[in-house]
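Heads up, the next two complexes both have chain A, just with different partners, chain B and then chain C.
So, the complex of A and B:
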């Protein structure tokens, strides 16, 4: 056991030396960012600290953004499957906005382990027309007429059953 | 012989001549149903109705299953061992799938033109790491390896072989490195660490148990020999059947080759430095002993 630990620590020392050789400024005169670039000596005369503003750009990289960035332009679906909304909104009596994270607002829900439902949120315009179309679509898909609950105030429709993938694709095809 | 076999046999003839089945004619098989015990209907009026005499039994206030009157119960006396021993102290590595990474890059939450390490992943709200819950970093999982097509300089804490192959196949570079819990907390939330003005500590090396993992070239460990990593890249390409793109001819070659010093937590910021967020300055020590300590 101790022999293997010793051999491991030896290999580690060798590896660390290799790694250090790569990063040690003495052996890499052209190292990026490890040399001390100076210097704004403070007027107070304390010689113990060097102040510098050169490397602050590395700190700026670490600050988290406070706003959600706008997604870059993609022609059609992105490699991960994410599809941007169409540039012109579809000419339908209703509109479904994208969520804060630029996704289609269709969510599946389970209550008590066996009650499945799907929620379509952020609906504007004629909700009842969308409700009718959703019912027709799901009738064609499953052969059953699923019960739905329309909430006009919040602009949402809750459908009984788990259809989040199907409804997402259906809405994406419409161009929302 | 002209015996025609009818489906159902003789039973169907019998059943056809029996009276119609109604609710009045139904009966379960003998022995199928047992009558439930109903308390308080005994011969002598019930009295205590089968509940006993006073106490927890009659008052329906018995303690939980397994309680032994205060003696340490059997299920607590026996210790956990083997797989379940010290389960709450085991290091955990929340997974990051290649599919999620591709999604984050597609939505612009992570910039592939800069090295991607855990700070960038957390800033893009891609993963959630809780160092206080024994998370030691993020592990790259190969779900979505066939969809992945981004060229990245990735630094994670663990990676599966297929995930490494998927990253390198697209011309990227992947490294696995170790962060001790204090360094990890600083890495995921750098700004709350910089605000009080503490000097950046140096990153500790992995312990005995994790050292073999990070010195192995097959895991692209940050302490492994760079030559062995090159041979491992070529072996992996042969194994999975793709050709390694030559990254030295890439425009982003300098960015892809960038790697952190094993003792540094951040790119470009040495241990021992203090960051002044308000004045946007960095304070560096000049004392020999301090520099020697932080440089070791």
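So, the complex of A and C:
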């Protein structure tokens, strides 16, 4: 038992020394692909080392962009179901912008496990006209007049109940 | 009581009848200025919506289809009377956002407090020098019982819940809230006619009196904040604003809500407008950061 422990500790020390030599920058072998910006042959002569920056493009193509790209042009719905907004904004007294990921800004919310609500954000213009139309639409859909909360300052409407799919389709049909 | 209310109602009805019958503006008499008053604000210039002057600058970024750019005059600092040189388009998502006073207040309070470190510190009864020994025995002296001369009840004793050590009031508002605060401040300046666009900051003399005359003549207000892009400014304007307390010049990177609220009017160069629109509109179309934006991204310099 003590002999096996001793042999295990010896192999561990040997492996640690090898790992230390590999990771220590002073003793690491130089052929690990570390590149500088210019292609020069160092004055040393005998060692055959070329420093090149050709491989840096493999790093550059991995760096992500910071801007969300504009979606490609689609006539009508895309295969995923996403529909672009209409080119001319609909001639209604209000306007609903798309989110930064180009989606319709209708979100469903749930509180205390049983209170469902739907939030329509990014509303500009006459928010009360939109509120009236939302109430009429949901009255026709469910037969009940749903309570709504209009926040004029932030431009959002919160509706009691979970209607996010229906409201999204309704707004898409309007052309937002 | 009924007769009194009837008399009051009758008086207000008569006042309203008089103001509707008389052809003047409906200002109450305490707000009407006499026509020969010196130094009163002149008639506001009409906004350049229907003018014949060419649009000198269009917005580089795409303007949403349901909005139109805000327009304002292009002026110059070269001579006293060179305003209305042209018309400048300003992006509505930077210069015509809905004015949210709560966001403006939050950003201003944040700017005041996030740098604050309060160094107030007082000693508790454990830290005040002395007070280890019981001053007199517990019983039979006739005096109140005490355990140490530095308890908070004593004169010279420790303070119980005083300020403890340097406290930092640092907190950060979300980046988008701070950006929105800047946009709201710029929109407020434009809406209140306190925003002036200038082609460049060249002035003929380094005399501060020239700038003060210009500000007074054009009725820009009591204090002016001049903003330009880059680190190089013309020597004349630097010398002119050096000793003036109310006219200040800053680079566009130093624009902040507190300075905008502190100075009455804002003067931007065309380059500064382009820079601000580019930087402030990027926040509407950016991804959430995977790593801090200080590190390189493929489209950020």
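The rule is simple: the second predicted complex is superposed on the first by the 128 of 176 C-alpha atoms of A that agree within 3 Å, B and C clash if a C-alpha of one lies under 4 Å from a C-alpha of the other, contacts with A are read in each partner's own complex, and residues count from 1 in each chain.
The working rule: contacts are C-beta pairs under 8 Å (C-beta built on N, C-alpha and C of every residue); 3 or more make two chains touch, one makes a residue touch a chain.
Bear in mind that the values here come from a model prediction, so they are computed numbers and not experimental data.
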{"item": "Touching partner for A:105 - first (chain B), second (chain C), both, neither", "value": "neither"}
{"item": "First, second, both or neither for A:51, with chain B first and chain C second", "value": "first"}
{"item": "Which partner, chain B or chain C, touches more chain A residues", "value": "B"}
{"item": "Chain B versus chain C as contact partner of A:82, first or second or both or neither", "value": "first"}
{"item": "Touching partner for A:155 - first (chain B), second (chain C), both, neither", "value": "second"}
{"item": "Touching partner for A:95 - first (chain B), second (chain C), both, neither", "value": "second"}
{"item": "Partner chain(s) touched by A:66 [first = chain B, second = chain C, both, neither]", "value": "second"}
{"item": "Footprint overlap on chain A, comparing chain B with chain C", "value": "63-65, 68"}
{"item": "Residue numbers on chain A that touch chain C, as the complex places them", "value": "60, 63-68, 87-89, 95, 97, 100, 124, 153, 155"}
{"item": "Touching residues (chain side chain B, partner chain A) in the complex", "value": "99, 102-103, 105-109, 114, 119, 122-123, 144, 147-150, 190-191, 194, 205, 208, 211-212, 215, 222-226, 258-259, 261-262, 266-270, 273, 275, 277, 280-287"}
{"item": "Touching residues (chain side chain A, partner chain B) in the complex", "value": "5, 8-9, 11-12, 14-16, 18-20, 22-23, 32-34, 36, 40, 47-59, 61-65, 68-72, 74, 78-82, 101-102"}
{"item": "Chain A contact footprint on chain C (complex, rising order)", "value": "64-66, 98, 100, 102, 282, 284-287, 289-290, 293, 296-300"}
